[in-house]
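Presented below is the structure to which this report refers.
The chains carry the letters A, B, C and D, assigned in the order they are written, with residues numbered from 1 in each.
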Amino acid sequence: MDEPDNKTTVAELRKLVADFVAERDWSQFHSPKNVSMALAIEAAELMEHFQWLTTDASRELGTNPEKLAEVGEELADVIGYSFALANELGLDISSAVRAKMVKNAQKYPAEKYRGRYERPNT
Amino acid sequence: MDEPDNKTTVAELRKLVADFVAERDWSQFHSPKNVSMALAIEAAELMEHFQWLTTDASRELGTNPEKLAEVGEELADVIGYSFALANELGLDISSAVRAKMVKNAQKYPAEKYRGRYERPNT
Amino acid sequence: MDEPDNKTTVAELRKLVADFVAERDWSQFHSPKNVSMALAIEAAELMEHFQWLTTDASRELGTNPEKLAEVGEELADVIGYSFALANELGLDISSAVRAKMVKNAQKYPAEKYRGRYERPNT
Amino acid sequence: MDEPDNKTTVAELRKLVADFVAERDWSQFHSPKNVSMALAIEAAELMEHFQWLTTDASRELGTNPEKLAEVGEELADVIGYSFALANELGLDISSAVRAKMVKNAQKYPAEKYRGRYERPNT
């Protein structure tokens, strides 16, 4: 596939968010506490698109271009605030995601958890 | 800076998540509805680190390496599920984020919203 | 039914929460902002019990006494923080709920929304 | 005080919600999974009123009647869905809240946690 995700670095998207915040002098409101709230609020708005659907019906949403665009906007907000939080805290996202996936692989060995949704409480 | 985010594409991180899910045959549980719930739950766990702090104290969390690592793990979970959702729905993240930032810039013109947190209801 | 809910006033439960907070001198941490975060976090923990279940399977959870007790604890936390917020803000809950149900009835007339989950965006 | 909360039982408010749902034949959509999502979404909408405020400023919101009414509506939604979930699962709220407050008192002994917000991870 020749999609933008193949050519776009995480740093490029982070800079887009950082510039937006800087141009509005919003860093003063972007304490990690506030940004974590904004992120949770956007996650809820994303979830709102699926709340009354069955799990099966939620899979079909991707075939409706209009609905998909709406969901894409909410997901962009979630990712935008995730990047804003990383910017405020000085966290490297690629490192954090890679480290967590290693930890997840240890916690959920593939052979043991294949096809099982019952996971130990965390 | 020579951080991994400068050299890592969004597609590389998405593939990491896609492989993890495929190796466990978890796509059957990853309906968009379920993944949106998982994302909101992780966002709440991230927020938990800041819930009793003042906004100022939350800014200092970044200076505590142990706390920062904990927050980094939760943020990695949020981003991981964001990518899992994009994978299930076939959404290009870079396009979605860029389009949303253009829309945000129109909604919050820099000269009008500089230093103001009072935003119109959305 | 002769259940406690039939004989317990909202004010009695509110006082239970108010006394708990006062005995620990926690009102200083119970700013409405912080309590609203705690409430959202507890709501996510409640949701966690249902995240990988189908909607049908979630209905059967009530037949498992152990699971039901766990869910009851999370719901108690949600309601506890709801009452804590009402205490901090000086809101009468019965009045707020009654007023909102009247508004909901106007927004979703029974004859029009019977058996329909598609609701206008709010 | 002569407020409605002093004279209103939990069961009365639960019945208000149960009748509303029954009149619209919405129980079919009110699986515990779906209601837990709706509850988390309403909790996020409540939190939205406080997201950019300092903790101190959030305390003053109670002095603004218009803002207080808005927050009261969101809190009513949270409580409404809490009661809807209890209705679907057949849970007695007063019993659940009382039992949880006893457990909380054991977990956070008053003399040890007085004036301290640092709580053990749960």
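Following the convention adopted for this analysis, a contact is a pair of C-beta atoms (placed from the backbone, for glycine too) under 8 Å apart; a residue touches a chain by one contact, two chains touch by 3 or more.
None of these values were measured; they are calculated from a predicted model.
Peer 1: Could you compare the number of C-beta pairs in contact for A-D with that for B-D and name the larger?
Peer 2: A-D
Peer 1: Taking the mean of the C-alpha atoms as each chain's centre, how many Å separate chain B from chain D?
Peer 2: 27
Peer 1: Between chain A and chain B, what distance separates the C-alpha centroids? Give it in angstrom.
Peer 2: About 3 Å, centre to centre.
Peer 1: At least two partner chains per residue is the criterion; list those residues in chain A.
Peer 2: 29, 34, 37, 40, 43-44, 47, 50, 52, 54-55, 117, in rising order.
Peer 1: Chain contact topology under the given definition, line, ring, star, complete or other?
Peer 2: Chain contacts: complete, every pair touches.
Peer 1: In their shared complex, at which residues does chain A touch chain D?
Peer 2: 29, 34, 37-38, 40-41, 43-45, 47-48, 50-52
Peer 1: Which residues of chain D touch chain B in their complex?
Peer 2: Within the complex, chain D contacts chain B at residues 37, 40, 52, 54-55, 117-119.
Peer 1: What residues on chain B touch chain A, complex-wise?
Peer 2: 3-14, 16-17, 20, 23-26, 28-29, 31-34, 36-37, 39-40, 43-44, 46-47, 49-51, 53-56, 58-59, 61-62, 68, 71-73, 75-80, 82, 85-86, 88-101, 103-105, 108, 110, 113-115, 117
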